[in-house]
Structures are given as C-alpha cells and as structure tokens.
Amino acid sequence: MKKIINDPKNVVEEMVDGLVRSYPQYLTKLPDTEAMVRSDQASMKGKVGLVSGGGSGHEPAHAGFVGQGMLSAAVAGQVFTSPTPDQIYAAIKAVDQGKGVFLIIKNYSGDVMNFDMAKDMAELDDIQVKSIVVDDDIAVKDSLYTQGRRGVAGTVLMHKILGAAADQGASLDELETLANQVMPQLKTIAVALSAATVPEVGKPGFELADDEIEFGVGIHSEPGYRREKIKPSKALVQELLGKLDDELKLQADHQYAVLVNGMGATPLMDQYVFCHDLLDELAARDIEPAFMKVGNYMTSIDMAGISLTLLDMTTTNWLDYLQYPVKTIAWS
Amino acid sequence: MLTVENTTAWLNQFAAQIEQHQSYLSELDTPIGDGDHGGNMARGLAAVKTALATQPADLTKLFQATAMALISKVGGASGPLYGTAFLEMAKQSKTDTDLGTLLAAALAGIEKRGGATTGDKTLIDVWAPVVAAVQAGKLTQTVIDDAVASTKPMVAKKGRASYLGERSAGHLDPGAVSSGYLFTTLLATEGIL
Amino acid sequence: MKKIINDPKNVVEEMVDGLVRSYPQYLTKLPDTEAMVRSDQASMKGKVGLVSGGGSGHEPAHAGFVGQGMLSAAVAGQVFTSPTPDQIYAAIKAVDQGKGVFLIIKNYSGDVMNFDMAKDMAELDDIQVKSIVVDDDIAVKDSLYTQGRRGVAGTVLMHKILGAAADQGASLDELETLANQVMPQLKTIAVALSAATVPEVGKPGFELADDEIEFGVGIHSEPGYRREKIKPSKALVQELLGKLDDELKLQADHQYAVLVNGMGATPLMDQYVFCHDLLDELAARDIEPAFMKVGNYMTSIDMAGISLTLLDMTTTNWLDYLQYPVKTIAWS
Amino acid sequence: MLTVENTTAWLNQFAAQIEQHQSYLSELDTPIGDGDHGGNMARGLAAVKTALATQPADLTKLFQATAMALISKVGGASGPLYGTAFLEMAKQSKTDTDLGTLLAAALAGIEKRGGATTGDKTLIDVWAPVVAAVQAGKLTQTVIDDAVASTKPMVAKKGRASYLGERSAGHLDPGAVSSGYLFTTLLATEGIL
C-alpha cells in the first residue's frame, strides 16, 4: 500500500483538517467532531437544513457538496464507517434554523441506524427531523429479505435537487415529498477494475486479475455481485445501460439526467471515452440526455471503475433544480 | 450475579480480546464487508476502557457509560447495535439486574434497531442462542463456539454481507465473532455465571 | 493494462467526442480536428482570444478550462503528444476577434515547436499572435544547455490569471506583460508513487517498487530526477516545500496562492492529508495562503502522485484574477 | 540522383521500417521519454504513404506533400522536426535537387527549429555525420550505424530526455534511431546514391 498519508489511524482527522483549512470560505468544522458546516451562515437563514454524510473515503462526497444551493452540513465518519449519532446530532443542531432539518441517508445498515439515533436525539431537543434513505444502486435485488439496495452516486443528484428546493424555501414536508418522488426514478450501477485500499487495512478489498472486472460493486470495496473478463468500454456501456433499461424502462420521449461517476483512480480520459459510447448507445434508443455530469463525485478511495446513474425527470421541474446555481467545492 | 466489579472485569477482558483480534475481525470483514469491523470495535472498546477506569457508581451507570462510549466511538453497523444493547441493559438494570433478563432486553434492542432476525447471518445468530442458554442456566463455551460457527454457511440477508448474495456463504460473520468474544469473556469472568 | 477504453488508437478521438457531447454548453469541436472552442460565442466578442492545449492525458486540462473567464479554446493532441500546427491554427482562427490571440504553451520541445509553427500560419493570415511559454517545474535545472524547465500544473494558474484579465478586456500586449510578470513567481514540484500507462504503450512509463517514490516527475510519465523510499505525507511536504522555498524564498509577509494537484489516481483523501501537513508547514513559516485549490487539475492519466504549486502574488492584484468568476467544466 | 520514382520508393521503404519497428521506437522512448515516438512516426508515415500514392508532379511537390503529412500527423517533437526537414527540402528543390544540398538544407532547418546541436543526444547526432558523408560522397551503413550508436552514452541536453540528466546516458535516442531508418533506406534505394 503506497499512499500519501501519515499514520493510517489519523487519516480522517488530518483529512478533514486539511480540507476545512484549505476551503474555510465553504466549510467550518464543529469542535470535537468531524462534522463540517456551511461557512456561509447567511445563506442558511430561515431555510430547512440539509444534512448528509457517511463513512470517509467517498470524497468529494459529502463535504464537497456543502454550500449554498446544496448541503448545510456533512458528517465524516471513519473510513468506510458510518459516523456516530452524537456527531450527526451536532450537525443537525448547528444548521437548524427552526424550520426543521432534512437528512439524506445512504442505505447501509450502519448509516441508517446512526442517523436514526441522531434523529432521536434531535427530536428530544424539539428539532423537527425528516429524512430520505437513498437506495439507487440496482446491482443488488431489493427484497424484504435483504438489507435493501445500497445508496451510491445517485445520492449526489438527491443532494442537488433537494438543495435547490431548500434554497428556494421549500418546507420540511415539501422536501420529504420531493425526495420520495425522486427516489424511484434514480438508478445507478457500477463496475470496478480494481478494489479500494482502506489505509488501516493496508490491502485491496478484493483482488482482480489483470483481465478481470467486478460487476455490481458498491462504494465500500466489498466484492460485487459478479466477476467477469474485462470488456471494451462500448461493451461495458451496453451491459450497464441494459441493466438500467430493465429497471427504468428507457423511452425516447422521456427526459433523463445522467451522472457518469469515476470511482477514484479512473482517469477522465476513460470516463470521456465511456461517455462517447454511452451517448451513442442512448442515441440508438433515440435518447439525448437533458443534463449530464462527468467526473469524480462519489468515489471509493482509489478504486478504479465507473458508476452510471440515470434519473428520469419526465414531467417534473427537476432539471431546474439540477441547473440551479450552487456555491460548493465540488459541484459548479 | 453481576456487580460493578465483575462487570468491569468482564468488559475489560472483552476489550482485551477485541484489541488482540482486531486484525482478524477486519480480515473476516473483508471478503463479505468493507474491512473495518476490527478497527471499529477496537476504537469503541478503547473508549469503554477509558470510561470504566473511573469506577461507575452502579450497574446502571456502568452500562450507560459503556453504551455512550460504544455509540460515540464505534460507528458503522456494529456501533448502534452494541450501543443499543448496552443502552437497553442500562434501562433494564434500573429494575432488574438478572443477567438473563438484561441480555434478553439487549437482544430485543438489537433486533429492533437493526431489523434482523436469526438466520440473517449477523451477530444476532450468536446473541439469540447464548441469551437462551443464559436464561436456562446452561451457557457453555460450546454453545458460544457453535453459535459463531453456525454463521459460516449462512447466506447473509442483512448488513453489508447481504450485497454479495450467495457469495457470502462460507465465511464467518465478523459481528458474530466479536459477539463470541463478548460471551466467552462473560463466561470466563469469575462470579458472573 | 486495464482501462475503460476501446481500441487504444482511437482514445483521443473518442474522448474528445465524449467530452464535447457531454458538455455542449461549454465546448464545440472544430470539424476534422481535436480542437475545442468555447460554445459561448458572445462572451468572446471583442476580447483577445486565449488558446492552450497539448498532448492528451492531462484531463481536465486543458478543455476543462475553456469558458468565460478562462480559455477560448483548447487543442488536444494524441496522448502525451503535442498537437499539430494545423489544428492549433484552426483554433486560433476560430477564436480571433480581431484583437489578437494569446497562446499559453507548456515548455516541451514539441509543444513549443508546434505552437510556433501555428503562430507562423496565423500571422500569414494577419492574425496577431503572442505567447507565453510556461516553465514552472523546478525539478529540473534551468540552463542554456538543457531543454529548460517543464510546464506543469502551474499552467492552470496562468490560464486563470490571463483568462480573467482577457475577460476584463486586456489587450494582447497587456496579456503578454502580465504573463511575463507571473512566470517567475510561479513554481511547481511533483512526486509520483506510480507512473502513468499510455493506452497505446500498454504498460507504465517506469516501475516503482511498493516502497518507492519518484521525485521530480513531470506530467508525461518520463522518469523523474530521483528515486527514494516512500515517506509519510509530512516528510513529503517538508521536502517539496523546502525545494520551493529554495526557489521562491518564502516570506511571512508575502501573499501566496497554492495549488495542490492530484496526478490522476491519488484520492482526494490523500490530497487533503497532504494539505493538512502543508498548511502546518506553512504556518510554521508564519504563512497562510491567500488562495488555495486542491484537486485534479493537470493530471498524468493514471499516475499516483501530487504536485505542489506556489505563486507569489505579493504587491499584485492577481488574487482578484484568481477569484474572478468563470464558467468552465473544471474550475469553479 | 533523386527522381520522383526513387524518392517515392525511398520514403515508402522508410514508412515500412517505421511500421515494422514502431514498438521498438516507443520502447526506446520509455526510459528517457514518454513512450510515444513509435506511434507518432507510424501515424505520420502512414499519412506520407497515402499522400504519395498519387504520384506527385515533381520532387518539390513530393517533398511538400511529405512535409505536410508529417507536420499534420506526427505531433510531438519529432513532427515539427521531420516536417521542417522535408519543408526545407521542398524549398531547396526548386533550385537544386542535389541530395547533399537538400539534406544540408534539411539539417539546417532542424537545427533552427529545435535549437539543438550535435552532442545534445538528438536525431541531429545522426543527421550531421550522415549529411557530411553524403556531401563527401562517402555514405555507408557503418556511418549510419555508428552515428546512431554514438547517442547511447550521451547525456541529453535537449528534448524530453534532458529532464533525466545523467540518467539519460546509456540509452539510445529514439529520434536518432528513426533517423537511422531514414538514411538506411535512402542508402538501400536503387538509383539514389
């Protein structure tokens, strides 16, 4: 394991410190926590607060999306480990303007439980708290008999849409309604060429041969659903888009937002080649994205791979939300 | 019978086991998880040791201090689950300090918090048979070991391991193993059982 | 070599196609070239045109910096290969508004010669062309008897400063003066943990052992100046900042802009830890950056590593230029 | 003596050599460069072949077509240098088609364009002795081979290899090797020398 770090035990503390001191105009760290709150206090006045977070290792998510038009605060847990309720609660308190606080929670056992306990703590303080559990990943079957689907890169589009609505003065209930309308239209699937290495673990989460890819990975470097031989970009696009098509039933007269997300170590060069094939494949279905973003938004440390997110925006005004101006480090 | 002294001894022993087997727990959490269970538990139990270094006034305060340390330091899935377990024991201990009753309350809290049940390949697959054995006055090391081993062939239906589907079979559940240490040290602590 | 591409021979063509079709609001490709021009024609009216470019493989540089307040056009050559004069000339023609065109050229033998030949072609058309050759890398000794220093991540700050000045109506001569004032104050040094793999080559430019780093690398995966054992982030910062200090003579009462740049495969996690150590090390010298940016700006495909750029802005208004609003894909 | 026919044959042979040794040239460009010289030259010479498939009217047009193909397709450092070489030969050929004179004009163009000189470990270290030998009527394969080999121990002072300093010694210069193919095929083409 070769990384530019110091003691692996201190990675999160040093990382958050480096981040907030590099971008003090965006982020303010709450003392004795790894929670980061929007520095622009004025922009939060009278609005519903938006709090998200999760284990570290997904940078720029989530702190890179804190700022006017997007999140009010992000809480960073240990690497790949959900943050604890006391820290989430501190963030909730810090951004509460009396209009309530909305939590964007990625669907993992730990995230759901820790955010839930924080909600309990906040409600004891008479802070109204509502939430959405994001489960956009389609690689895993959703079932009453499973943990449910994972929350992955689509979470960033949820941040963006709710952030715009909140900045425009949406109430806590309106945000909940909006979130629940968005969720079923938001689908993601990913492929990895190599696993991530967690600093304290010191080796990759799984090993792939030089000619293997892992299909259906999440963002915590647990193995995916299926291992295959490496294919050219065009073939990967056909497979991933095919799976999304099965879920969303892509139609020519529908309006889609697309997020092509790098998992951390995949260069933009590859991401743009993937886009070339993706846009051709969508064009073959008579589809041209109404909105598109390409880059590293929700990574898995140094995993090589790509995730593809589609959001069906048809008959909604979500495009306006996606295009609404923001002031954050990582979304422009 | 639980006392502040022997419960403190138990949890310090548990912390020592976690510390000793930290890498192993994270190894288990690698093929079917994200490799952090050992680190999570070690961080949390270190905080528990610190909290218990100042002798708590009574069992309730002991369980509460333990719960708070775990909740605020472990994180992940295991933090809320172990934390809730001790929180429930704290609540229950106000009226009843019988070990079986406390552990049953803890297990109920775990099931409610995480929504899992026996057979889902989680730490519940150790808690459930162990708690039953404690209530029947029949806890042995074999009960604990068998419970931990029972998770190996299971296909996970809760937690991170469930994303792997069939591929989760053939691996011990890390939370089950750490719970195995909890109960092994319980059994070995003089004066409790 | 595991990449998300198709035939390596077609990487640049597919990459540029994917990029311009993902972001048509920013980029328009010139036919029969891999030159990308600002789509927002109105914002270029009556201004000096700014053209840059180079070999592909440094994404988001340079096309990610095309837009109002920054470049007018970027020309993409083959991977790690300077673009040809005919393509650069096409870009110059496309953005010329009659006020002249300023070229930002990275100091490599090929880049200098190709941009020079394009300048000749444009001047035959009576287009006034001036240029700056960026040579911010300090790893190599500058000398009459060498190729001179390389142009690396500092180029992005040059894009930003000249872009702001051009958007504010600076003349061709003023831009040349400004560029020549900036150049001596702009210094960069890099370290790599692994080399890049060029698609058509199929293997890394050099091999490092699991415990080795390469000091003084550029952005084309040629070996650096010295190989060493891996050090913790803090020690890397001390060495890199020490070298920059030798060059720039860092002073407490001076004003600095800092760019911490990921070389492609290094996660933001590591970059932020590096920032933590960098800010501590600067604080020990009584220095707090006046401006700071962290992320992947001038990469070397999938190289793991970091470059550190300092710009001494003391007694200038360059901070205003760095903070001037832009509309680009990769700088916000 | 150069004619359209034998010059076309020469350059097609050069293209064949470049195509055949493309990987080798890029291999040479790896320890002291960025690994693209083979690809750059192959792309350019393929364009030259296409351009010359339609027989040019005269030597000037031949050299011009060759120059334009190289300039617009090779890129990097070698593109402008080889391109300028043929551009200068095109210009010179309007008044003089003597091979030595043409090559001397090409060499002068290379030196002016790139600012390098002999001993800098570039393709000039092959062009200079070869051009002198042609002008003296004494070009042999040994002259070419020795010139290419002479670049091996040199420390590079121009081009990408110069960033490596002392580490550039002990490696053949890739541009020198591709120029070696240019002159080897020149020598072997019937009727030129």
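Things to note:
Every chain is named by a letter (A, B, C and D) in the order it is written, and numbering of its residues begins at 1.
Keep in mind that, in the parts below, a contact is a pair of C-beta atoms (placed from the backbone, for glycine too) under 8 Å apart; a residue touches a chain by one contact, two chains touch by 3 or more.
Values in this document were obtained by computation on a predicted structure and should not be read as measured data.
Note on connectivity: the fewest chain-to-chain touch steps from subunit B to subunit C number 2.
The distance from the centre of subunit A to the centre of subunit D, with each centre set as the mean of the Cα atoms, comes to 53 Å. Distance between subunit A and subunit B, defined via averaged C-alpha coordinates, is recorded as 31 Å.
Averaging C-alpha coordinates per chain places the centre of subunit B 74 Å away from that of subunit D.
Looking at subunit A, residues 79 sit in touch with two or more other chains.
Touching two or more other chains at once is no residue of subunit D. Taken chain by chain, the contacts run in an open path, each chain touching the next and the two ends left apart. All chain pairs in contact, by the document's touch criterion: A-B, A-C, C-D. Here subunit B touches subunit A in the complex through residues 26, 30-36, 39-40, 43, 71-81, 83, 113-114, 157-165, 167, going by the rule given at the top.
In the complex of the two chains, the subunit C residues touching subunit A come out as 1-7, 11, 14-19, 21-23, 56-57, 59-60, 64, 79, 193-194, 210-211, 213, 230, 232-234, 236, 260, 264-279, 292, 294, 296, 299, 301-302, 304-306, 332. Interface of subunit C with subunit D (complex): residues 55, 77-87, 108-110, 113-114, 116-117, 139-141, 145-147, 150, 198, 200-201, 205-206, 218, 220-223, 225.
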